Amino acid sequence: MRENVVVQNIERAPREIVDGLAACGVATIHEAQGRRGLLADYMRPIQQDVSVAGSALTISGAAGDNWMMHVAIEQAKPGDILVFSPTSPSNHGYFGDLLATSAQVRGVVGLIIEGGVRDTRDLRKMNFPVWSKHVFSQGTIKETLGSVNVPLVCADQLINPGDVIVADDDGVVVVRREEAEAVLAASRKRLENEETKRVRLANGELGLDIYNMRPRLQEKGLMYV
Amino acid sequence: MRENVVVQNIERAPREIVDGLAACGVATIHEAQGRRGLLADYMRPIQQDVSVAGSALTISGAAGDNWMMHVAIEQAKPGDILVFSPTSPSNHGYFGDLLATSAQVRGVVGLIIEGGVRDTRDLRKMNFPVWSKHVFSQGTIKETLGSVNVPLVCADQLINPGDVIVADDDGVVVVRREEAEAVLAASRKRLENEETKRVRLANGELGLDIYNMRPRLQEKGLMYV
Amino acid sequence: MRENVVVQNIERAPREIVDGLAACGVATIHEAQGRRGLLADYMRPIQQDVSVAGSALTISGAAGDNWMMHVAIEQAKPGDILVFSPTSPSNHGYFGDLLATSAQVRGVVGLIIEGGVRDTRDLRKMNFPVWSKHVFSQGTIKETLGSVNVPLVCADQLINPGDVIVADDDGVVVVRREEAEAVLAASRKRLENEETKRVRLANGELGLDIYNMRPRLQEKGLMYV
Amino acid sequence: MRENVVVQNIERAPREIVDGLAACGVATIHEAQGRRGLLADYMRPIQQDVSVAGSALTISGAAGDNWMMHVAIEQAKPGDILVFSPTSPSNHGYFGDLLATSAQVRGVVGLIIEGGVRDTRDLRKMNFPVWSKHVFSQGTIKETLGSVNVPLVCADQLINPGDVIVADDDGVVVVRREEAEAVLAASRKRLENEETKRVRLANGELGLDIYNMRPRLQEKGLMYV
Amino acid sequence: MRENVVVQNIERAPREIVDGLAACGVATIHEAQGRRGLLADYMRPIQQDVSVAGSALTISGAAGDNWMMHVAIEQAKPGDILVFSPTSPSNHGYFGDLLATSAQVRGVVGLIIEGGVRDTRDLRKMNFPVWSKHVFSQGTIKETLGSVNVPLVCADQLINPGDVIVADDDGVVVVRREEAEAVLAASRKRLENEETKRVRLANGELGLDIYNMRPRLQEKGLMYV
Amino acid sequence: MRENVVVQNIERAPREIVDGLAACGVATIHEAQGRRGLLADYMRPIQQDVSVAGSALTISGAAGDNWMMHVAIEQAKPGDILVFSPTSPSNHGYFGDLLATSAQVRGVVGLIIEGGVRDTRDLRKMNFPVWSKHVFSQGTIKETLGSVNVPLVCADQLINPGDVIVADDDGVVVVRREEAEAVLAASRKRLENEETKRVRLANGELGLDIYNMRPRLQEKGLMYV
């Protein structure tokens, strides 16, 4: 029953691997790692056409309480992405432009929050990207302890501190830190493969032929009428 | 119990009628055809300020299975719009940039999907418009047959292959193919009528007077205090 | 049981106070007035990066009936913002570009509606901002009386005619007319205070230190490991 | 654009077939007809442990308007089940104990409504079963025409007048009238088959063996550790 | 900006009027007072076949904080019903069997809560009825002040302390204290009127004839085919 | 990237501890272990007034695919409770009376499923309790491998194989296997403590006095008027 702890030293994936994953995109990474790791589809960006990747700095706090946000920022290293999950569902606005200012100074590249965010216009102006479940201004209190850099569940996924988070317009995916290099390799291979297919499809070939689907469709009994 | 069929030859409305409807907009068409045909309000565009119209190429598939998408694209004609409905609710990402590339080559003008879509940033870049219930990257399988160009229910509406689909920022409306010409005429008439009213309203006249509402309000007992 | 009335003369807050509040933003005002007055988080803007404030012209109508919208517009004064709440939940499109044209002529600065809106692209072009629960084209009827400028509940909040409504990308907040001046003063003070903190945070100071949180965290038992 | 009609003579399935289907249950029928016909899972019973089947007497009405309910009851024959769908989403209470009294006199066996119902305690006392999307007392008006005994979409399914509706604790399924006999036969066969399996399972045999799943699991690569 | 107050002396409606309303039921009262006062349809009972009425003892508290519950119980008089609304949405379990024991000792007849409740099985055993938005065990804190016996918004309705609350299987309705006597009279008249109609309907007369609907249906153009 | 595995030997908590927890109830256990472990509030029982506890036999499967259910039952030991979570959201009916028959033979005491269940009336008759997110008959396929007895996320909580699951009318809570004994002790202590308080409350003492709340309320500024 270990609770109310701040883990100060966590391992992170190498920066070049994190950056490599950012360039691959959520859908590709999700496929490349065996269709695992997608956060729930209610995690939506407050901005458009932005992709980021970072090392998860995890924050577990009580519903409606953002005290641990302040504790967490002190632990941040450049390239981190904040991942906040309340211990029960809540739409409060846990994070706004002041916290973003402080986080950005320390090199934090974004926020993933299964809760609410506010000052969204300012956050977009600051180029501080956020994926959240809610946009809501409701204020928070600072009364109950929580934990920083412990494993937590956020939007259907287990996230360990130091796991790699990738987020873009399609949503958010988590990659285990120790699998990050392999997933990057698999993602790049997949991208190359997709590029080849894109050219063939753009030339008018059909997926039915490229993937050789016709025999199996016939065998299963598809009827053309 | 006719299932697992691909209907290869369907009738479509003439292109000029479809294009005419695109210019009228969803709200106007919905009114012009007697307030029928609106798809549920959870069908939202992934882009802004885009209107399209096309002939429905309908696709019925199992939840989490996009096999029939590939089958459908072979049946596409220029000006078609893909309409996908899973046989039970699902937020999987059935469609992404590769399928869009293939569809666009064949002249498909967009996608209406009561499910999920992914690669949304790429789709916007490609100018391939989508109205969907979800944005989600979750991968799909290719195991269960479905049907192409059969009548289906999508987001509360019955859609027949070849019906005209019109979609814009307000949502999606279906027009029966055999009514399309009449609906276009009624829509244009309505637009003219609205233009006249807009001028009067812009000049400061009130709807209360233009529509002669005062006597009936008084009769029903509205009190001004 | 006073119903079906139109209150013609309501008090409004001075224009400079309303405009002052517009500049403060929803999150700041919500905090400055003791964390009260936020409308539910499902009230979303149809446009981005727009802030408005206005005096509430309240409209209570039956579900699916927009008759009272026309009645209300006659009562509008420059600087008013329409606040519509149906007497039971409904997603109909109560408001579109024609009503907006009429409202804009009278100086109405926006619409807050716990229901649906349509012609959203046109409304954006007209610079007529809307915060709504739904975007939907479904037409409305004009059969049942309602009331204008009576107190009503909209999206979880009681709103009196003449109260000040402020809306931006974060949502919507209501300020009691008689408290508007005090809330504006408190909001401005808060903004100044925030500006000071922003500078300190931007210089790398931590919230933990600025707000002197460390002793209380320690006392409550937070452990660093 | 045929609207506002009451179709007086519709074909119904033979009573013994309808009754036979009632005894099979929703899950079995759904499977027996190829996994089609299930209404959305938000259609919930107001009572427990009741199964019914009846011929669909379909009713299409405006949101918040129950006028067509009265029109429909005149068309009812013993063994009919009312199926009401509003033309846009609504939670109004379209139906209560008075309408149920009138319907029951005519032999109506229940109500399926993609909307609200009220007087639920009385309805249970009367043994008048209902499956609805909402329970809500909100009153309705009688202003707008609709149609009776036309095809409509209710809770994701197309329902034709005279189709067989079966409802139990699991939900609601529609069977095409012309397929009812075949579906009954298939359902009974399925029930027999299930009974055999139940005995084997109750004796401790595993589904893995009864369905011979082990080879395919192995082939696909399932690992026991 | 009057906050954090406990109003100790409130007016209540006479007990015989409150009891009279309990016997009328939610749907009837809602109609009798002009279709006003219904709480949102997500307020569901944790028990079946129970009707209560009581004088509203209103409680406004922070999300996830049930401190004011304890403060409120001291203010309770026999015949009161607790009405709790958090200042922002929350599903925490604010109330369980201990609070119910304390409330029941003071004559409280039930709880209406736009939040969560726990120990539901015990509450049913104690015959302490509850209508809530959620059933959830999540614990609450006692850190933030709120108010008791102030006007508040609960589930879409404004509720004043001392207003009469009536709740049954259909949901919850509020009656203004000063209108309670008139609403009771109107409800009883309506019940008598309904009883007459029920007899006629039970004898086979149609609503179409009892309410003389046929001429207006014909005039509006309903076609029988 | 360890996937598609069946872990055959897992540790379970002693039966007397599991049974002891069943008697404590969800709300008490949740509190006793520091307000952790509650599954999301959408996990609702299909029966009333039933409490169970069991050792989690975890099952991870693809959306709409119940193949792993059959694999899992072979691994069941008396006192186990099945915990199923699909890898993406789905309302399919993964489980019905046949699987329950097989599970019950092996001593399985219930099912927790973040998905759908069917044959609910039969399951109640069999006294096989279920807590599910959905009730829906939609059939499933057996095409994609998953895993049995691996850690998984179900309804917001991480669940390890062998963890203790307790479920009653309030919902579902998970207790870590290695903490089960301590949590049982803490729960029993809490129950005793509650019993003492219940007696005092039943005798008319107030929570305000029992918990000595008055000084702190005064200090925070609560005003009685």
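When the chains are written out, they are named A, B, C, D, E and F in that same order, and each has its own residue count from 1.
The working rule: a contact is a pair of C-beta atoms (placed from the backbone, for glycine too) under 8 Å apart; a residue touches a chain by one contact, two chains touch by 3 or more.
Bear in mind that the values here come from a model prediction, so they are computed numbers and not experimental data.
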| item | value |
| --- | --- |
| Chain copies touching (chain D, chain E) - same or different residues, decided at half shared | different |
| Contact-pair overlap exceeding half with B-F, pair selected from E-F, D-F or C-D | C-D |
| Computed distance of Cα centres, chain E from chain C, in Å | 28 |
| Separation of chain B from chain C, taking each centre as the mean of its C-alpha atoms, in whole Å | 31 |
| Chain E: positions in contact with at least two other chains | 35, 38, 41, 88-89, 91, 136, 138 |
| Each pair of chains that touches, named by its two labels | A-B, A-C, A-E, A-F, B-C, B-D, B-F, C-D, C-E, D-E, D-F, E-F |
| Complex interface listing, chain C residues touching chain A | 25-27, 30-31, 35, 38, 41, 44, 48-49, 51, 168-171, 173, 194, 197-198, 201-204, 206-208, 211, 213, 217, 220-225 |
| Chain B partner contacts - residues on chain F that touch it in the complex | 62-64, 88-92, 136, 138, 141, 143-144 |
| Residues on chain F engaged by chain A in the complex (per definition of touch) | 1, 3, 33-36, 38, 40-41, 87-89, 151, 153, 156-158, 179, 182 |
| Footprint of chain D on chain F - complex, ascending | 4-8, 67, 69-71, 73-74, 91, 93, 96-99, 101-102, 105-106, 116, 118-121, 124, 134-139, 142, 145 |
